[in-house]
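Think of it as A, B, C, D and E in the order they're written, each chain with its own count starting at 1.
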Amino acid sequence: MDRDENYICRCEEVTEDEIRTAIRGGARSVKEIKRWTRSGMGICQGRTCRRLVERILAEELGLAPGEVESSSFRPPVRPVSLDSMDGSRDPSTHGSGG
Amino acid sequence: MPVNPDSPDLDERTLKTLGAPSLAELKAAGVVPSREEMAARPCVCVECIEEIPCNPCETSCPQGALTVGQPITNLPVLDRDKCTACGLCIPACPGLAVVIKSLEGNLAKIRFPWEYLPGPAKGEEVEMVDRLGNPVCPGTVVSVINPARNNRTAVVTAEFPAEHVDEVISMRRKTWP
Amino acid sequence: MTIRADTAVLGAGVNGMSTAYELCRRGRSVVLVDKVVMGAGASGSCDDMILLQSKKPGILLEMAFRSLELFRDLQGELPCDIEFDTRGGTILIETPEELAVMEDFVARQNKYGLAVEIVDARRLRELQPHVTDRVIASTYSARDSQVNPMLLMKGFFLGASAKGLTFLRRSRPESLTPRNGRWEIKLSTGETLETGTVVNATGAWANEISGLLGLRFPIAPRKGQVLVTEQLPPLGETNVWSAQYIVSKLRPAGTSAPGAASWMSGPEEARTAAGYGLGFAFTGTHSGNYLIGSTRENAGYDKATDPEALGLLARQVIHYFPVMKDVHFIRTFAGLRPSTPDGMPVIGEVPGFPGFFMAAGHEGDGIALSPITGRVAADLVEGRKPEFSLESFRPERFLEGQGDLDEAASG
Amino acid sequence: MERETRPAVVVGAGPAGLCAAIELKRAGAPVLLLDENSKPGGQLFKQIHKFFGSQEHRAGVRGFEIGKDLLRESLDLGIDVRLDTEVVGLDPNLNVWAVEARKRSYTLEASRVILATGATENAVPFPGWTLPGVMTAGCAQTLINVHRVLPGRRVLVVGSGNVGVIVAYQLLQAGAEVAAVIEAAPALGGYGVHTAKVRRAGVPMLVRTTIVRAEGSEGVERAVLAEVDGKFKPVPGTERTLEVDAICLAVGLTPSIELAALAGCRTFFVPELGGHMPLHDEFMRSSVPAVYVVGDIAGVEEASTAMEEGRLAGIHAAHSMGYLDREEMERRTADTRRRLRALRQGVFGEKRFVAKERVLAEKEKECP
Amino acid sequence: MTDAPELSAVNRVTRHAVLGDLEAAREVRIWFEGRPLSAREGEPILSALVAAGVGVLRHTKKGSPRRMFCGIGRCTDCVMTVDGVPGVRTCVTAVRDGMRVERQAGVGRWAREEERDGA
């Protein structure tokens, strides 16, 4: 490993340079950076790098941290094994109302 | 660490830079007893100089000598006349900020909280440290108590040369053999 | 502020970006507008397959052939890797009935020039070692390919940007007005565009945009839910579909569903699956994530995924590939594919609205057809004859009976 | 009012979630408490120091003991606690998607959802931060205090907030050495009493200092530090090396808002409380009226405030489900709010109080 | 099963001033890269490995070593191949008697059928 390589996304091993390059190339949202660089596309789904990317984006674009649009979220919020998906409803709480 | 008694100025503030308050900072907060007081009786020193929401020292004191009042972010105020130096406030303080110091001739005595293993034993020779963790002088453990009500905060009493009474706050941690 | 350009392309999905890229490449000034960001619609929520086999012989298949050639060029021409790859595709066949249908389908494809063969179970296992024993045969086409839609869009964007593209994000067109032979577009950001031509490439939202002119196109969102797995060691060589899915694609929407598949618990589940328009599309990306799709639902603009549909997709993939049992999925998404009643996109100038072009309604073929869509749309904008006859895609096929057309045009 | 029979589902059995469930059950409302861990208690079981506050906040009691007490209370009340149950999805119609023991996925329909999902630790990236030995402070705390394993022998702690200083103390207690606690800001962040007890154990605390690199082949062997200028950039020529085998990052927490976002709760950026967090009202109701947010998800504070917020939400949810009349709800929440106010005072608390007031005002403005 | 030497629990915190002496727990035997080690019933695989002094749990696609980061199932740094299944979060997966835990390189590999059956 290059000792000066600064990874932002640990899962996909995306470097700070790659993220800054994407922003300078025209990526302007966390979503676009993610798609261009794979930062946040790894198994943790951005749980560690999301904030770091937002910070770099703010820095590059001269925005306050709160002005960077927050990322969107998709389920599941944890990895789920395919085998577990029987899709049933929980019988013990299936109320009549609703 | 020599402290110039004439300059209790705020240049000496170290709580937020080095992690521990300087003697000057503590003196400015009025929590450092004089040598005369320490020679007269054991003195509780509550080295709590930041407003945090906390008052177990007040509720632990059977004499009503420690007052926080409302709001609970007040700094504790000690009434030395009411204090019997019973030491219940030492393990009660969640911040481990209370010690009791006294002077007897050439010897100083300190009671301080201790939450490390291995713990010291009575009669053991230890190294006393100042607030920055620097070794100051040798000391001798006089007693170690840790009754159930302390909830695993032991109270250690140690003796050491009197000239270091202001600097010493605790002892150096020991390691397993 | 007013921005002037030759052309405004509405919609930064893959077809809008391809069109913008092509126009920029030809030296025109282009403003690309999206109400969200790049690829916020179907183009960013889809799999990576360019499956020729799924297409009925006809103009779409011809255009897909041409797209494949263009993808090969784009792979070298665009400023970034687009992960274009030709790994072949297989359609898994489980029953003799499916086999019969597929043999007929494959025969027609071959006649049309798409080389597809039926391979037996043994040969299939060389291509897909982990496939279930229940599969009795499969089709195989060596030309089925893949491309990374995210990188394709990035490539179009970077390529167009190098030629002067202006891109406006988070800008929603609020009005479209013909004025002195040009178009004036007011955006939600307060900006105004003034352009000679407008291309509506807003996919599932194309009807909303055309609505600004009083036009109604029956382009409706059709939801496809997809599971994304963690990165896996490679499973096999090819893209995978199920014959069941092709059979359902061949059948017009709304007709009766097939019986319960072998992995279903019974007819009730078969009805549920049919309600979701459940199909099977399974592909591994360059990074090792596998995409498991898909449903085909009429659910409006709701992009939520639901555990019931995801459960069906999960159980289905385990049925075909038992080794997937212990694999985790890390993400789900749903794309809104822009569908039309006749399964054909809408590409062409809208009569009565000179300079207003449609390039939308590709449903599941958006990525596969994007290079050629960009080409022909650019031809139309430039007033040149496109390399394909766009007869089947003419906008006016959906506009009959909209009597206010002329009125709208003059107003 | 007819009583709601579908359960209130509480996600997260930390201090906030436990208290919410306890108040719901006490009021007689049907409640389900779900937690992804095999033990409830959340972060309380990592907290082995005595808590601050007053007697009514359980001051002087150690965090894990408070956890045990809350557990006992919830068991005595007969609360249905489902452990090893990850809630992986939630929709605006309150369909909860749960996975039990990583083996069985199911959905259930809740009448109220109380999100007590806590916070996620922030990171600070530097070359070498992926090396074995670099971990979050919470990781070290879990290993030491819950699993009784030492993750390093000589440790650098990055960040001097309460979490950093507490983890330094816990490392010492577990028998490790702490090479230093470093802080990029000009002042240490944590309570002075915490820093003082760590400092007197001989741990250097360095302000205006950052880590520029971790070095090592198969794991951390060294950390390279440097002083920073006013813009937090390393000053050339100030580098120095510490021999360490572990580095703990304690650089703040961000509310874990994923489920709230999936449910459609509107969020608001509040730097003092950790970043984007769901808007909520004085009863901890989010912009989706049947969804409540309590504890760190509703702004990063402390276990003591989390417990009070959990109580507020639990009491109000029970009321809204028809199990407490308004008068009783108001009586019970008044006490809770008084205790909460007491905790949000002083140099540390007042800032959070002001920030919380901003959240309430924004909620009022956005969804009256 | 193997003659490989046992890994001993060098990093176990057995005595603690606040938490007290480590309570006895039922012992569970697991195998790390073919070497046996004893774990405490109910604890996660990760803590058993850290207790045994294991420093590297996997290597990434680019070949860099990893151990753990968050320790609570969020970051997934600590994934390993467990009983032939790659990608298992060892910080939130409890040890089981006879469990075989292996480092994985990149995304790991598919276990052969017989390996999986042996689980």
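Simple rule for what comes next: a residue touches a chain if its C-beta (ideal position, glycine included) is under 8 Å from a C-beta of that chain, and two chains touch if they have at least 3 such contacts.
Because the structure is a prediction, the values reported are computed rather than measured.
Undergrad: Applying the touch definition from the top, give me the chains sitting in contact with each of subunit B and subunit C.
TA: D, E
Undergrad: Steps needed, at minimum, to get from subunit A to subunit E via touching chains?
TA: 1
Undergrad: Suppose every chain is reduced to the average of its Cα atoms; which one is closest to the average of all protein Cα atoms?
TA: That would be chain A.
Undergrad: Top contact pair of chains, counted by C-beta pairs?
TA: Top of the contact-pair ranking: B-D.
Undergrad: Among the chains, which one keeps its Cα centre farthest from the Cα centre of subunit C?
TA: Of all chains, B has its centre farthest from that of subunit C.
Undergrad: Looking at CA centres, what chain is most distant from subunit A?
TA: That would be chain B.
Undergrad: Taking the mean of the CA coordinates per chain, how far is subunit A from subunit B in Å?
TA: About 48 Å separates the centre of subunit A from that of subunit B.
Undergrad: What whole-Å value do you get for the distance between subunit C and subunit D if each is reduced to the mean of its CA atoms?
TA: 43
Undergrad: Mind checking the centre-to-centre distance between subunit A and subunit C? Centres are C-alpha means, answer in whole Å.
TA: Here the centre of subunit C sits 25 Å away from the centre of subunit A.
Undergrad: Could you list which residues of subunit C touch at least two other chains?
TA: 230-231, 307-308, 311, 326-328
Undergrad: Could you list which residues of subunit A touch at least two other chains?
TA: 1, 10, 13, 42-43, 47-48, 74-76, 78-81, 83, 85-87
Undergrad: Where in subunit D do residues touch at least two different other chains?
TA: In subunit D, residues 36, 62, 89, 97, 102, 105, 107, 120, 130, 173, 175 touch at least two other chains, as defined above.
Undergrad: When you check every pair of chains, which ones turn out to touch?
TA: A-C, A-D, A-E, B-D, B-E, C-D, C-E, D-E
Undergrad: Residues of subunit E touching subunit A in their complex?
TA: That would be residues 60-64, 69-70, 73-77, 79, 87, 89 of subunit E.
Undergrad: Quick check on the complex: what are the subunit A residues that touch subunit E?
TA: Checking each residue of subunit A against subunit E gives 1, 10-11, 13, 42-44, 47-48, 78-79.
Undergrad: Within their complex, state which residues of subunit D touch subunit A.
TA: Its residues touching subunit A are 4-7, 32, 36, 86-90, 97-99, 102-109, 111, 120, 122-123, 125-130, 213, 215, 254, 257-259, 261-262, 267, 269, 271, 275-276.
Undergrad: Under the touch definition given earlier, write down the residues of subunit A that touch subunit D in their complex.
TA: Within the complex, subunit A contacts subunit D at residues 1-8, 10, 13, 16, 47-49, 51-52, 65-66, 70, 72-78, 80-81, 83-90, 93-98.
Undergrad: Can you tell me which positions in subunit A touch subunit C when the two form their complex?
TA: It comes out as residues 12, 25-26, 28-29, 31-32, 35-36, 38, 41-43, 45, 74-76, 79-83, 85-87.
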